[in-house]
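Here the structure comes first, spelled out in structure tokens, and everything after it is commentary.
Just so it is clear, A, B and C label the chains in written order, and each chain counts residues from 1 on its own.
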Amino acid sequence: MTGRQKKQIINAIQIVLILIAISIMLIPIIWIFLAAFKNHVDVYQLKLLFTPTLENFGVVFDAPYYLGAKLLNSSIVALVTVVIAIPIATMAAYSFSRFRLTGETAMLVMILATQFVPAVVIILPFFVMFRDIGLLDTRVGLILVNLAIVMPFAIWMIKGFIDGIPLDTEEAAMVDGSSRIQVILNIVLPMAAPGLLTAGIFCFIIAWNEFLFALILTNKDAVTLPIGLALFKGEEGDLWNLLSAAGIIIMLPMFVLALIIRRYFVQGMTMGAVR
Amino acid sequence: MAEVRLKNLTKRWGDFVGVDNQSLEIHDREFLVLLGPSGCGKTTTMRMIAGLEDPTDGEIWIGDRMVNDDLPKDRDVAMVFQNYGLYPHMTIFDNIAYPLKVRGTPKADIAPKVHEAAEKVELTQFLDRKPKALSGGQRQRVALARAIVRTPKVFLMDEPLSNLDAKLRVTMRAELKHLSREMKITTVYVTHDQIEAMTLADRVAVMKHGVIQQLGTPDEIYNDPANLFVAGFIGSPAMNLINGSVQDGMFVTTGGTRLVKVGIADRADVILGVRADDMNVFEPGEGDIDVTIYAFENTGESTLLTVQWGKQRVIARGSRHLRKNQDDVVGISLSPEHLYLFDPETGVRIQAE
Amino acid sequence: MRDNTLKYLLVLPAVLVVFATAIWPLVESLRLSFTVGRLNKPNFPQGYLGFENYTWAFWEEPAFWNSVWVTGIYTVLTVALTTLLALGLAMLLAPGGRLRSGVQTLLILPFAMSPALIGVSFRFMFNPEFGLFDAFFGAVFPPLADISWLAHPQLAFAVCVMADVWGWIPFLTLVLIGGLASVPPETIEAAQVDGASGWRVFRDVTLPQLAPVLAVVIILKSIFSLKTFDQIFMLTNGGPGTATQTLSHYIYFNGMKYGQIGYSASVAWLMVIPMIFLTYAYAKFVFRKAS
């Protein structure tokens, strides 16, 4: 066998392995997609051929499930969390990126570390406090605790983007006659805009998918989509066609957002330890 | 229009000394080049003049004003950056107009000034584009136009040509020279390229380890170097530095060859400096000394002979028509009027009596 | 305004938010962990107990040790399996080209999926009657046919591990592809020219240069494995019995279902301790990169 033939065989094996891997990764997702369009009979059978129906999507928005309310809660909570987090994170990220502060490393480590604190530890005191001040089962309460998980990501991610803006440009603006605030508004923000959008989307996905806080803090009014999944447990077990339809509503928007910012996912998740 | 005065200027980062107690007067309308290897403090000096770096000690004066405590925006300087520092999200027009806008120039005055500046650097047809759509040379011109759109007290240029390819650099150098002679504004120019320094400067300050080694016209720097560092740094190929001693008024190499008459008192240790151009190449036996060729290089406009001289290698420049081979023997003689002697301990030039 | 004032003003809001949303609850949890802290009794948190909650967990609670054990095995298995499989997949995908970069793009999808939904979908896939993976395992290995996976302690645990590995492989693969891309190709080419076989090139040249990225991946994955909650909650809810009860789930259960805030805070703090070491190790990598 020549070296060339050997290479071709190896490449063929690799392609087969890649196809197997990607099938395993995609099948559960595809299966949910299929189940969402099956009626309540077909879904309890292992079949690929069926008459697709849209009725599940109607049912989940109706009584008694009212998924629309959960969708609204998820959207508001994730959006407001991002709208609060990004400006605050941007200010801090700029300062961390461009200045030397006393205690800078300590602050950055603290921010990094909070990301790794188990959510159950954070939520216990919040639950007690919210119970006392009446923030249980409110979107406001949920937004507050979501900031805890989103802020460290946002700060580190935006700091990475600002680090990438050449210092030359800012210095040029200063020599050209700008004050520091003008530099930030006229130069840094426009240049960092794609990065801010990316960080915003990233944080939106995290807040949207957040589960434990919503599970503990909400029970009726402020229930978000992931918690809403628990609704579809009927007397006789899981209602898989409805679960799947709800699943699509949860994951499809996130797929679109994730694809938009896919280049930055790794950097964001690792806080710059890997680029 | 203004002069720039640095008084005992020092910049330290912890234990590291970037600029060490330097004083320097840059005359009104003068083109001064700060020249030196990387890390010599030249860029730091310029950044302190711009206000981008705070001095640890000393004073900076622009005109009649001590500017140490002024923000960059209040110093009335314009700067061209090594990587140009263009605003990628603005058009070329807006880039050039930015210094005017941010300083509150009336709207009606901006457009004519931008066009005038763009015309000077031949950019008028690119004003609607963004920097990304421009070539390196064109970006360089934008940076230049942004500097000349106002009439600042001082121009600061930080290695403005170093990101251009060799050919473009020569063209832009000439354009810069033309512009600077036309505008007559005090200019501080930082470079590590001695050709740029020689061609552009009214005066050159050669720096090393945060200290100005010599301040003078390009002529003085080249023909009358103050010390070993300046001698070795200026000129291409670098000046040959030969170890030896002076006996009976003659320079004797460490190998014992009596070479050439020098006008200084006898001493044990001395370094003789001689430029490749001042070493004349002859047929064997016709020069002061015969040497073997270690390498022969033809650059087209001349030839370079690296010759083995005892334990040292020395470079001589031959005529463009000279053809020799490795290991050939040639005669060499030195022009006595272009020799430099240095103290090996201190590096200081020993002037002939 | 001078930069010296401005720079602190700029970080102030962020530091305050982080303090309020992370540092304060951490400290407050520690305080609660020394109290009785029963939610369903008046005068919460009902006075201090000293270390009693901690000693209770250590000496009186087999369920605590069970969840430590479950979490430990779970972490070791998921970290090892995810890292190895992701490394293999990254090696397969790293060369690029249309198919491979297309697959890289698709990998983002499972990663963008809510972990709770991953739990749901795996419960679906392993349903004994109409689960696709259940059918597949049954076909390949008949003794497993029509088994009720989630009703069997070891098999339920295995499903949890599989769901976790499935959910994390994409992210780790993408990180490792990035790591592989930063290995200078000249070093690999030099080794090939020097006559090393494919395996030797990988072992002697690629792997050592990939080591820092691998370390980051392993630390990060360990942290997330230790914290696992969402999937388990949706997949098995800790069951059958307590066969899949991780520490996070144990804390949630005691705190929220039984209202023992003081006790669960003490267990939560026991969980913080390994996190401190992992975070320290991780921070070292982040700051080495930054400097």
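Worth pointing out:
By our rule, contacts are C-beta pairs under 8 Å (C-beta built on N, C-alpha and C of every residue); 3 or more make two chains touch, one makes a residue touch a chain.
Quantities reported herein were computed from a predicted structural model and do not represent experimental measurements.
Chain centroids computed from C-alpha atoms place A closest to the centre of all protein C-alpha atoms shown. Distance from subunit C peaks, on a Cα-centroid basis, for B.
Averaged Cα coordinates give subunit A a centre that lies 16 Å from the centre of subunit C. Look at where the CA atoms of subunit A average out and do the same for subunit B: the two points lie 54 Å apart. Centroids of subunit B and subunit C (each the mean of its C-alpha atoms) stand 57 Å apart.
Residues of subunit C in contact with two or more other chains: none. Multi-chain contact residues of subunit A (touching two or more other chains): 179.
Of all the residues in subunit A, the ones that touch subunit C in their complex are 14-15, 17-18, 21-22, 24-29, 31-32, 35, 43-46, 85, 88-89, 91-92, 94-96, 98-99, 101, 105, 107-114, 116-128, 131, 144-145, 147-148, 151-152, 155, 179-181, 205, 208-209, 211-212, 215-216, 225-227, 229-230, 238, 240, 243-244, 247, 250-251, 254-255, 257-259, 262, 265-266, 269-275. The part of subunit C that touches subunit A in the complex is made up of residues 1, 3, 6-8, 10-11, 13-15, 17-18, 21-26, 28-29, 32, 39, 44-45, 89, 92-93, 99-100, 103, 105-118, 120-125, 127, 129-130, 132-133, 135, 166, 169-171, 174-175, 178-179, 182, 213, 216-217, 220, 223, 226-227, 229-230, 233-234, 247-248, 251-252, 255-256, 261, 264-265, 268-269, 271-272, 275-276, 278-279, 282-283, 285-287, 289-290. Chain contact summary for the complex, subunit A toward subunit B: residues 166, 168-179, 182, 186-187, 190-191, 193.
Within the complex formed with subunit A, the residues of subunit B that make contact are 50-52, 71-73, 75, 77-79, 81-89, 98-99, 102-103, 143, 146, 156.
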